[in-house]
Amino acid sequence: MTHQVLGVVGSYPLLVALWLLPLAGAVICWALGPQLRTLAGWLASGLVGASFILAVLCWHDGTQSAAGTVGANQPLFSWMTGFDFGLLLDPLSLLWTFIITGVGFLIVFYSIGYMRGDPAFARFFAYMSFFVFAMLTLVLSDNFVGLLVGWGLVGLASYFLIGFWFDRPAAVAAARKAFVINVVGDVGVMFAIFVIIANVHSSGFGDTFAAAGTLGPGVILTICIALFIGAAAKSAQVPLHTWLPDAMEGPTPVSALIHAATMVTAGVYLIARCAPLWNASHEAQLVVGTIGGLTALLGAILGTAQWDIKRILAYSTMSQIGYMIMGVGTGAYEAGIAQFFTHAFFKAQLFLGAGLVIHALSDEQDIRRMGGLWKKMPFAFWVMLTGVLSISGVPGFSGFFSKDEVIYGALQHGHPWLDGIGIVTAGITAYYMFRLLFVTFLGEYRGEAPVHVGGPGAWIMNVPVAILVVPSVAIGGALLFGGDASPWAHFFAPLFAAQAHLAAAQTPAPAISENFTSVIVVIVVAIGFIIAWQRYATAAARRDAVQRLRREAETMPAVLTNLFYFDAAIDAIFVRPAQAWGLFFGRVFDPRVIDGAVGEIVLIARGLGTLVRSFQTGLLRAYALILVFGAACFIAYYAVAGAAH
Amino acid sequence: MPLVLVSILLPLVAAALLLFLPRGDRALSRLLGTAVAAITFATVLAGGTADWSLHWLSRPFVSAFHFGATPISFWIALLLTLCTACAIAAARVERLRDFVALLLALEGTMLGLFLSRDLLVFALFWDLMLVPVFFALVGWGEHPATAWRYFIYNFAGGLTLLLATAAFGVIYGTTDVIGLPGVALAGGWAPWIFAGFAFAFLVKTPVWPLHTWMPPTYADLPSPMTSVVAGVQSKAGLYGFLAIATAMMPGVLYRHAAPLIVLALISLVYGALVALVQNDVKRIVAYSSLSHLGLIVLAIAIGNRLALEGALVYIIAHGLFSAVLFLVLGYVEEREETRALPRLGGLGWRNPRLSGALCIAALAALGLPGLAGFAGELLILIGVYQNGYVWPAIVALVAIVLASAYMLRLYQGIMNGPQRTDLPVRADLTWIEGLAVAPLLAALVLLGVYPKPLLDNAAITTVQSGPLP
Amino acid sequence: MSVPIGDYVTLASVMFFIGVIGVIVRRNPLIMLMSVELMFNAANLLLIAYARLWLQNVGHIFAFIVITVAAAEAAIGLAIVVTTFRPEKYVDVDDIAALHG
Amino acid sequence: MTLSFTNADWNAIAPIDILAAAGLAVLLADLFAGRKQWRYASIVIGLLGVLVAAIVAGRQFGHQYDAFFGGFMTGGFATVFEEIVLIGTAGSLLLYSTIGPGPRVAGTVAIMLWSACGAMLMAGAANLIAIFLGLELLSLGLYALCAAVDRKTARESALKYLILSSTATAFLLFGAALLFGATGSVMLADLLNPSLASSPLFWMGAGMFLIGLVFKLSLVPFHTWTPDVFEGAPLPVTAFMSVVTKAGALAVFARFTYAALPAGVGAKLLLPVWIVAAISMIVGNVGMLAQTDLKRLLAYSGIAQIGYIVVALAGGTPLGLRYAIYYLTAYAFMNLGAFAVAAAISGPDDEEGSRLSSYRGLARRRPWLAAAMTIFLLALSGLPPTAGFLGKILILAVTVANGYIWLAAALIAGTAISLYAYAKVIRAMYAPEEGRQGGDLRPFVPLAWASAAVCAVAVIAMTFYPLTPSNILPLVR
């Protein structure tokens, strides 16, 4: 199995440590949970942090390597004949590793404060550590089977964490829904593996991508679509997105880490990882790009109609991942990944900021019962404000650069209408994010719950959030500014340069320049902001906010309150028919038809028994008659047989 | 005395001797039973693989009491002995002494089945292994009809097996053939002989539409017995397919694979759909078995290397997780005195260990990557796809999705949700109860992470025996 | 030999047939026994006729043995009939059907 | 031609003589008996006679001799059947230890011994006269034995048996006369003449002869007497009938099919027998389904079991005969064992052991008896680890090998039906008490228990050490 295709050399045992440290944290927290008490949080975050440091070390070592490429690989063991597992660190996985362990560390650390006093404190950190381990498995694996293992395990971690408060029926249902939909995705990846192994006879990335050129277009398309089913389920793409808003039943740090920063972007990773396959199939790119764009738009529209602070963020996550998928789907890999990168920071920040609010309001999540909080929680307000500015793509903030790249990337790769969708979505994004900000923080406080701010240990929650503000504001500019000459492009050059050139050669250069799109985006964003301001932030709006919000809720179109009927459709098409068939088979077919048929046989046997018994009348002469009848048959036979012989 | 003989006779003799113990001494019965099963496990591990043979018949065909493990049966025998030890350790039923004796008898007869190298001896133990279960159903079952259903279906299978064995012996001249290389039956009779075997195997597995004995049986038997029956006895048919049909009549098998594939696929989806809506927790697992074992039948009908390897892995995996599932459901029933899912709920708060055990088993059952079930599923389906069966593979994938739905429904329905006030509050797993499921869980994880040892020695494509290292 | 063997066979068959009919239709066990005797004697007639035909006196011996056995059988049979019907008013086999099913 | 018999001729029938003498001895001993318990003495003397006869007969094995100018063949086949008859006799005699009219059982024991003489005569008989004599000797004794208890049903069974059996014997006799007419000889060996194949007389004679045999084997539709007689007769007599009558009739049938048919007619001539055997396997097993009386159940079971045995002979191969004998031996042990258990839970009256309801919960009250009964029932249903299993598979194998697939199929179908009926009894014994108790706990009866134990051991041991007489075919003739 060769990794040379990915430009990676050497073996690197440090990777194993990087990979397994969080697992150790999980096992310790799980096994010794009650004994550890709050130590569990420190231990878990410490181990994730150590993992991050190792990742940095890896990066450092990798950039020193002779070939001048970033990365390393480490064979692990042979799972079964033909299935060799190994770890692979290349620019792509390195980036994800940074986010998983880096942002992961901050969020786990934040959780120490957020989960304080929870009866299952240690269990939470066991799950979180386990998630980090699983996600590392996903991104570090050097083959599809290993990726699938990680793919499944992150789904499990997500399930555990969504259903963390498992006495809440809603959480339990949400966890199950998330898991089942994620299994749909797993199954898609599995199917892709079948096709790959049947055609390539290996599940390694290297072998697969090396063979990508030799596979027929039908095969490639099948693989890509199957993989995309996985990506869509994991990354909440239409129509498999319905689990993500429900997943907000989990504790807020979970939403920040799993359902915003890392796990839900696994689909982006998968598509970027399989760039050689997507490059080989224009149809696949079209499908994926379209669905990405559609998700971005739908997520944004639904985001405007939510009242739950976390659900707004969830739909925004969905929408933002739509951007990413659109980016990597259309071939603008660097742009899509950039969007992931910046999103990880500002969305984590937004969630953690929202977590501060929720925590302070004793788990109140409805923004209609908030308001005026900027006075009571200025820190949270500033955190949220920077996050909102970044996500809305206000020039200068990280989100601006990455979103710009994605939108322009669509155009660049020959999908002008996706470009249009991207622009419109940007405007809607600005609208609903500012709506969130204004309704939550401006005006007068509308809730009943008392607001607790500060208290001992508040710094545990505040510090990570504060740290996150820095990259969410600045990292975009630092890395992305400069287009093809940016550090970002340089970093990914070994991976995507060839494809980028290939794609550029195929598609005519767009008539519009990048700067021109940027201007349009800024204008649209400004429009979105203005509408939000008009509706929620003017003095009049602030004054009778209660009535206005109620009216808005009452006049909300049914199609929005019903979330475009996706849940109802899935229920009607899949869930209820399955249950109906199950009931029919279990209650009717088994007992009536199958057992009925067997019962008939038994009845026939019993009937024969009765028949036999009915000949046993007990009357001697009847017996004699039967005897003579038999004898007559015999005699007849022998008379005929004797004569015939 | 050769170890292979010891491993078969030890449980049988122990079962008989156990009946001389005083009736009331439950702890002693359990202890002795567990010890015997554990020793049996050790003997299988240590030397149950060497051959031992005693001449039986020379006419109308050659037959011998020939025992010894083939690479496949070695693993199944290990699974069996492990499951039995765990089941006995977990047993809490009334009339425990008799129950333990029955479990040991079941173990001995099933060891005889899996370790026999002679078809006639195989057929002998086939019928024999049904008897302890019948007695358990008679003595401990809830509905008299269940015992009949088990009995009628399985002995009907046993009879066709008998006829097929006789015909095989007459045509081939010897039945001392299991695991022997180069045995191949062809010709006009072969399809009929195959049909005789296949019917017995399909009933035992079971496969739709021969499955209706299974859910009530699994539900009615005391859970420890169910765990052995569902975990291991259900593998008898699959092992039979591998050791007899695949090995000796591959031509017939693959020429008539289509109906098998169809039945397997129907079982896969049918079992999953019914499991989705059952309310009796043991029936959920029973129907899930129908679905899961359909996958193995599918693999056998496809029959390429990957599928067969997957079948072996999945046989072991399914044995482990269904054993755990039933044991844990037994614990639940014992604690809460009900098996109805709507009446259960919220146990996870007070019983974290119980909840954890059920969780791991349920996850293995739904094919979570990293646990043993996944390895088997993946290999099987790769094999299925490789042979060009795209739609069967897709149907199986649908069943996997359904599996996640019903397994989570089962797990969450029992463990999650608000704490119920109408259920008795009981303590979490005791040490013994925990130890009874721990080895099975450990094996599930171990084989999921590293299933290679299972396949290293199993020359499964031809199912020929060779000396195990 | 004026009477051809076929006539003996016919006569014997008719006797046998009458005996069979007697067993079936008569309700008195004694008469049934007599019918059986008739069947035995039909066989005897056949034996004697064939003994004559083949000039083999073993047929005679066989016939004598049959006669002896038939006598013994009649003795036992009568005893059984008597014990069976002693409590009954009428001798009718149709009254005897305690065992059935 | 001088008719003189040598010592060898007399030696050949020595076992029969010994048995007859033992019967006399039982009666004589009873003459000297006081009022005391003489039941055991009669049984023990009878058993001794059986034992001596068995030893003497056993010593003849392998020394083939055609005694009385071929009228009685001994040394091989006959010896095997004689031994089976003796086993059956001994097993039945043992049951008199609990069951019988009052303390005096000498008369019945003696008659039973003499009846067994008839069966032994049938085992070796090679001419029509001997066959007829043996058959009548066996039957006459049985008529009396059936009625030898003061019970209405017993008398009824005797009457039914008497009328029906003698009617069937008349058919056999008429057939024998016709065979004599066809050959001019009473020797079975003379039937081998190939020219007979085209003689209608021979065909008709053989047919009517077979009717008589098939009646004794109680194959459908000549079975109607069996359930009633088995149910009505005293337990030991039922046991005796179920084993000894069948053994005798089977010996004659086997000799007739193997050693007395012209070449090339076998398949066609015996076809009706195979057909009725197939029907018997079905009807016998179906008939068991709704029975409430053990003896009646075993009667139907016997109808089917004999069907299995007869099927083994289809095709006329030596192996078939061996397996028929094997299964017959196994069947003897299973049935005798089952009757022994029935006797062990009965009082002097056998009603209790007959009622299936008295087996309910037996496992609690008498676990060992229940275990033994389970073994016998498993054996009857053909399940391992019993001789019934092996016997059935051997018969299946030989039937398939001989090309009689439809018979094998009927065997399987019949067995499938029978499983339910046998299992019902097992279930009743082991089911947890459901309110209603079974009968009282009867005292320990050593002889019946011993008989059950021996039979159980034999039934299991025969599986693992399948003793079938080799080279049986040359010995038939």
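Letters A, B, C and D name the chains as they come in the text, with residue numbers starting at 1 for each one.
Heads up, the rule we're going with is that contacts are C-beta pairs under 8 Å (C-beta built on N, C-alpha and C of every residue); 3 or more make two chains touch, one makes a residue touch a chain.
Please read all numbers here as calculations on a predicted model, not as lab measurements.
Enquirer: Going only between touching chains, how few steps reach chain D from chain C?
Expert: So the least number of steps between the two chains is 1.
Enquirer: Looking at C-alpha means, what's the farthest chain from chain A?
Expert: Chain C.
Enquirer: Taking contacts as defined above, which has more of them, B-D or A-C?
Expert: Pair with the higher count of C-beta contacts: B-D.
Enquirer: Report, in whole Å, the distance between the mean C-alpha point of chain B and the mean C-alpha point of chain C.
Expert: Measuring from centre to centre gives 65 Å for this pair.
Enquirer: Provide the C-alpha centroid distance between chain B and chain D, rounded to the nearest whole angstrom.
Expert: Chain B and chain D have C-alpha centres separated by 43 Å.
Enquirer: Counting only Cα atoms for the centres, state how far chain A is from chain C in Å.
Expert: Comparing mean C-alpha positions, chain C is 97 Å from chain A.
Enquirer: Distance-wise, how many Å sit between the C-alpha centres of chain A and chain D, to the nearest whole number?
Expert: The computed centroid separation for chain A versus chain D comes out at 78 Å.
Enquirer: Residues of chain D that touch two or more other chains: which are they?
Expert: Within chain D, the residues that touch at least two other chains are 159-160, 163, 167, 171, 227-228, 420.
Enquirer: Check each residue of chain C and list the ones that touch at least two other chains.
Expert: Those would be 20, 23, 29, 32, 93, 96-101.
Enquirer: Among all residues of chain B, which ones touch two or more of the remaining chains?
Expert: Residues 152.
Enquirer: Quick check of your reading of the touch definition: is the inter-chain graph here a line, ring, star, complete or other?
Expert: It is other, because the touches fit no line, ring, star or complete pattern.
Enquirer: Let me make sure I understand the interfaces: which chain pairs count as touching?
Expert: Applying the touch rule to all chain pairs gives A-B, A-C, A-D, B-D, C-D.
Enquirer: Within their complex, state which residues of chain B touch chain D.
Expert: Chain B residues touching chain D: 19, 56-57, 59-61, 65, 120, 123-125, 127-128, 131, 134-135, 138-139, 144, 147-148, 151-152, 155-156, 158-160, 162-163, 165-167, 169-170.
Enquirer: Quick check on the complex: what are the chain C residues that touch chain D?
Expert: Where chain C meets chain D, its residues are 5, 9, 12, 16, 19-20, 23, 29, 32-33, 36, 39-40, 42-44, 46-47, 49-51, 53-54, 56, 58-59, 61-62, 65-66, 69, 72-73, 76-77, 79-81, 83-84, 87, 93, 96-101.
Enquirer: What part of chain D is in contact with chain B in the complex they form?
Expert: 319, 323, 367, 378, 382-385, 389, 392-394, 396-398, 400-401, 408-409, 412, 415-416, 419-420, 423, 426-427, 430-432, 463-464, 466
Enquirer: Touching residues of chain A toward chain D in the complex: what are they?
Expert: Answer in residue numbers: 605-606, 608-613, 615-616, 618, 620, 622-624, 626-631, 633-635, 637-639, 641-643, 645.
Enquirer: Could you please specify the touching residues of chain A with respect to chain C in the complex?
Expert: These residues of chain A touch chain C: 613, 616-621, 624-625, 628, 631.
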